Amino acid sequence: MSETVLKVENITMQFGGVVAVDNLNLEVNRGEIVALIGPNGAGKTTAFNVITGVYQPTNGAVWFQGEKIVENHPQGKMKALYKGEHAGEYTAVLAPTPDRVTRLGMARTFQNIRLWKSQTVFDNVLIAKHCRSTSNVFSASFRLNRKEETRQRENVEELLETVGLADVKNELATSLPYGKQRRLEIARALAAEPKLLLLDEPAAGMNPQETEELTAFIGEIRDRFQLTVFLIEHHMNLVMNISQRIYVLDFGRLIAHGTPAEIQNNKRVIDAYLGVSEDA
Amino acid sequence: MKKLFSMMLALVMVLSLAACGGGSGSGSGDAVSGSGSSGGKTVRIGVFEPSTGDSGAGGKQEMLGMQYANKETPTVEIGGETYNVELVYADNASSADKAPTAAAELVGKDVSLVLGTYGSGCAIAGGPVFGEAGLAAIGVTCTNPGVTAGNDYYFRICFLDPFQGTVLANFAQEKFSAKKAYLLGELGNDYDQGLLNYFEQAFDGTCVKDSFPTNTSDFSTYLNKAVAEGCEVIFCPVSIAYSTQIVKLAASMNLELPILGSDTLDSNKVLSAAQGSNVQIYVSTFYQEGGSPEFDDGIKAWLNEDSTAMTNNGGDDTIAAVTAMGYDAYYVALEALKAAGSPDKAAVKAALPSLSYTGVSGAIAFDDVGDAIRDTAYIKTADNAAGAWTLETVQTAK
Amino acid sequence: MEKTNKKRLWITLLCAGALLILVTLLENVLDPSKNVMLFISLKKGAVYALVAVSMNLLNGFTGLFSLGQAGFMLLGAYTYAILTIPADQRDAVYYIYNGSAINFSLPELLGGGPVGLVLGVLLALVLGGCVAAAVAWLIGLPVLRLKSDYLAIATLGFGEIIRAVFQWDKLGPVTNGANALKNFPTFSSFNIQGGLRLSTCVAFLLAGICIAVILLLINSTYGRAFKAIRDDEVAAEAMGINLARHKRLSFCISSFFAGVGGGLFAMLVNQAQAKTFTTAMTYEILLIVVIGGIGSVSGSCIAAFLYVAASEWWLRFLDTETYIGGFKVPLLRNGFRMVVFSVIIMIVVLFFRRGIMGDRELPDLLAGLSGKTRRKEAAGK
Amino acid sequence: MQYAISILLSGISLGGQYALIAIGYTLVYGILRLINFAHGDVFMVAGLLMVYLTSFLGGILPPAAVIPAGLLLAVVLTVVLGFVIERAAYKPLRTAPRMSVMISAIGVSYLLQNLATYATGGLPQMYPEVPGISSTVTILGVPTKVVTVVTPILVVVLVAALTQLINHTKVGMAMRAAAKDFETAQLMGIRINAVISATFVIGSFLAAVGSVLYFTNYPSIVPLSGSLPGLRAFVAAVFGGIGSIPGAVVGAFIIGISESVIKGSSWSIFSDAFTFALLIVILVAKPTGLFGEKVTDKV
């Protein structure tokens, strides 16, 4: 049960002089729901972007299912700027593009929903299946992949049924209400058949009732698709209710890590969220 | 408000479209009739010429000749009946991709034969359309061998590039004893490049060959290069728009090298660019003003009368050789109609090969390819003080 | 879903088949010499439709703004021409270079006669497409990393470079330098002597097949991936779509069909000459795409025919001075046609931004109409 | 030697003329992110206006006053044209995708070219001689027109003035703000339409001045006269880093001189191709150009 799915190792992400993520280490085990929390600008989304290959980290490595997928060490201008720990520990460069990371078995959603606007709900999910398709342009164009296509379409129908969007499948994605768009984004991520689901603030902008539904929904899909879930969230209710473990990030640094109960009583976390006198 | 505006625009658009529909409808209706209220029958001659694009200026001058001839002789006697001759125009925009549709326009207008075009590229592109329709075309000043080769329906009354290139190369050697020549043409223009090639082949000395990209207007580097390379003559058979630029530039930098040009340079635009300077310009051409005083006087009077024609001629009454050629072409067409004895295009085509006619530019007859049997080219030079062409010599092929 | 798709497919096939038969009928029934304009416009429309659809694949469906279309057409046209000029005509065509460097002709190689002609022409067209696609692949390596308008200007530049290379004197024995390539089989070569006239039908058939293939592609899983890239690159990449690969794919396929379109264009104008394939031509095609609706294949086709017919046929009367009675209609003279035409284009661009079809397709529209009437009927009852 | 100097001279004067056009491109792109394809044609129209104005004014003014009055009017009318184009063809598309605006720009360019064809009847028009700069001087033994010498000086003066305008006036600051962040600038109460109009006015003004210099050197105007200088100037703007005025000027001189040098070499037929190859290399190697700023997309 405690097999590590995702391991973030000494990740530092520096933009010029600004350190967005500073020497981050974390692990996510199979079947867990793990949350990454922290105040605005703490570097959560940046961490996500490093994991999914959008950014190349300044230093450090990311392991996925026991395989090193991202690795980098300071180069070019950063060589002089970077004075962090673990300098020199990493020597190789591994920089997969986000699509490769996704095909390895990680899928994500976005903080500000990024659906394909001119496509229907059904097509939004179907397109995500493209990365699992084995046909080439030729066979796809001349419909030699009919079997696969039919299977994919059935899968998508099923998936939409599961997430409760089957009744709106022919609507335009953008015509859905906000809550459903969130769901659709998750459904789209699921269509890529991930092992690890990364959710970037899935409850942002939702009312309490929607949040509650979402909480239940995340648990449901985890069980149903045997997923591991790693999420960024602000909604403490949601985080405390569903996560097994929580990492807390502040100014790019990890300041706490533990079960929800431990985090709720951690003084540094409370300070980070409420602000302490030294700040003022 | 905005909506109203766009609605109105839409309305205008629809109306204009409707107008086009009507226009084209009536156009094709006319084509069949023939006997109008004017009494006599009408025979149509297609004018396949560019009036826009980079050969627009030349095309217009060529059309002037036809228009004047039409004005002079508006009727023709065919098989004992008098027909009114109507010129039908189609602009091929100097562009090969517009030429087939322009040609088709003429075919659709039921013309008996076609005159044109200035610029061989369009003639080659349009030729097969005429060929398919069984319509004969008489090339007026398209000098590329490819126009008539392989096309039974294309004839021409002018000399060919190989001849012209050779004539000029010989002239350069005889007159200037030139050993080194600078050749300049437009990149990708078959007319320019073809002539440069023939010149090079006929020229005994060395040739420095250069091409400029389309729409170039800075020629100073090229002219300087000609000087720097120690060339003794410049040969630039380029279209009117470029040649005026080159001549103007040469005038302003007091270029001492003589500039040789082909029939395209025979234009009053070039003359006015050179006026008052020391540039020496020599061009080979089909016709020299004064070759037929009667024609000269007549057309000059017409030009001075008709302001549109004057503008199309470039603003003065100097007669370009292409105008004379257009004039001759019109009469060749009339001869062909007479010989055919009917305005039927097949008959006209059949009558053409054996036709001979002596026009203002000399005797015209066709060989078995359909090319004119011609062995004379006039070489004229610009008199910069008077702003006129003077005859330098008459060259014949060797 | 599947069912409606099938229905749409049938509608499309039926329409295409009917069109083909109609065109063939027309060409054989109407007097060819009276209606040349009609047939030339139809042929040109078909060729432009193909090229516009290929551009639409790139600009409208993948969201890559490329302006290199004329360059790829040039490649296709030259490949086609070079490979199909009959061997005994080569000396006449390459007269400046004393014959061609390539001394075979595909139709003759494939046995000559009608069979050789058909096979040779098809093979040459496909090869023309392949050359264009191969060059596109090479150019795509550096250029496709650029964003929207930079990509546009880089591809535009590429078109100019290609043109200069093909006009280069040193390549004369292959490209014939500045001179036009000609005497190769054209659409008219498909007219059976004294029998069926098939030239327009052939143009429609070839362009139609290519457009059908593009349509199939667009509706396949790859086509959907292209649309995803167009709508949101970041999301597409996050969902496992390899941007570089798919963009390159789209670029190469679009160029392939532009190349085939170039070959067809050469057949249309009876010659291939580098100076024809200018940026102005790319703009023309782009305007067709815009008028038809960016992201609509049927829109591009309709717009291509409208554009060709309007600019070269229906509006031609604007170019000639006209007298109605004794009254000279003002403004009408040479060049006025293009002014009116560009004003119409500006109106479309500004006020009818979605073009004729928007991003819908004709079958959608038809299905929508019949759906509406059915609903109306239902309401009536 | 003389040959080398003559090539350099023609390169510098070309570069100066391109610079004046390139600034128009770079300013507009900086704010609207629009490649104003019509800019080259505005330049051509400026030349044609001058031709028609002088022939028109020749009939009603004393000869000495014709050219100055013509110049003034041509510049003013070009500025008005630039303003009108922006208002009519670009402003309605402010919220539309960038591709639509670019297509509109191509449409305007098409319209201007066709209008010019209509007006001129396809015949090349001769640019009137502007006294003072049309005459010939000899520099280092090479005869050339005064305009060759005047161009770089004028460019420097105009650019200096423009830099002052942009850095020290309210309009200039608004322009810079709009270039940095269009939406925020709008929220901060900057009248964005006025700023954009100002940009077009400045761009057209410089294009008009450029056209006087350019056509004095190369006096024949055809409807396509603007397209090639326009494209080259655009390449120059990209080369220097689009959005940057000094970049555009430096880029223009580099393009002008290299064009001139290549034309002087035996590879002259590739002078255009080279310009575009340079563009592609720059775009791929350093997409921001020599002086451009880097922009990153937010995920």
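Read from first to last, the chains carry the letters A, B, C and D; within each, the first residue is number 1.
In this text, contacts are C-beta pairs under 8 Å (C-beta built on N, C-alpha and C of every residue); 3 or more make two chains touch, one makes a residue touch a chain.
Please read all numbers here as calculations on a predicted model, not as lab measurements.
Asks: Compute the shortest path length in steps from chain C to chain D over the network of touching chains.
Replies: Minimum number of steps from chain C to chain D: 1.
Asks: Going by the touch criterion at the top, tell me which pair is linked by more C-beta contacts: B-C or A-C.
Replies: Result of the comparison of B-C and A-C: B-C.
Asks: What chain is the most remote from chain D, judged by the mean position of CA atoms in each chain?
Replies: A
Asks: Averaging over Cα atoms per chain, report the distance between chain A and chain B in Å.
Replies: 71
Asks: Using mean C-alpha positions as chain centres, tell me how far chain B is from chain C in Å, no decimals.
Replies: 32
Asks: Taking the mean of the CA coordinates per chain, how far is chain A from chain C in Å?
Replies: Once rounded, the distance between the two centres reads 44 Å.
Asks: For chain A versus chain D, what separation do you get between their C-alpha means, in angstrom?
Replies: Roughly 48 Å separates the two chain centres.
Asks: Hey, what residues on chain C touch two or more of the other chains?
Replies: Residues 164, 167, 169, 234, 334-335, 338.
Asks: Which chain D residues reach two or more other chains?
Replies: Answer for chain D, listing residues that touch two or more other chains: 117, 121-122, 227, 269, 272, 299.
Asks: Chain A: which residues touch two or more other chains?
Replies: Touching at least two other chains: 54, 110.
Asks: Would you pull the chain A residues touching chain C in the complex into a rising list?
Replies: 52, 54, 97-100, 102-103, 107-108, 110, 114-119, 122-123, 126-133, 135, 137, 140-143, 145, 149, 152-153, 170, 188-189, 191-192
Asks: Of all residues in chain B, which touch chain D in the complex?
Replies: Answer in residue numbers: 50-54, 56-57, 60, 187, 210-222, 224-225, 227-228, 240-241, 244-245, 248-249, 252-254, 269, 272-273, 311-312, 314.
Asks: State the interface residues of chain D toward chain B in the complex, per the touch definition above.
Replies: Those residues of chain D that touch chain B are 2-3, 6-7, 10, 14, 117, 121-124, 126, 134, 136, 143-145, 214, 217-220, 222, 224-225, 227-229, 260, 263-264, 268-269, 271-272.
Asks: Which part of chain B faces chain C closely enough to touch in the complex?
Replies: Contact set of chain B toward chain C: 6, 9-10, 13, 16-17, 20-21, 23-24, 27-28, 31, 51-52, 89-91, 95-105, 107-108, 110, 121, 124-125, 127-129, 132-135, 144-146, 149-150, 185, 187-190, 192-194, 197, 209, 211, 213-214.
Asks: In the complex formed with chain C, which residues of chain D make contact?
Replies: 33-35, 88-89, 92-93, 96, 98-100, 102-104, 106-111, 114-115, 117-118, 121-122, 227, 231, 234-235, 238, 269-270, 272-273, 275-277, 279-280, 283-284, 287, 297, 299
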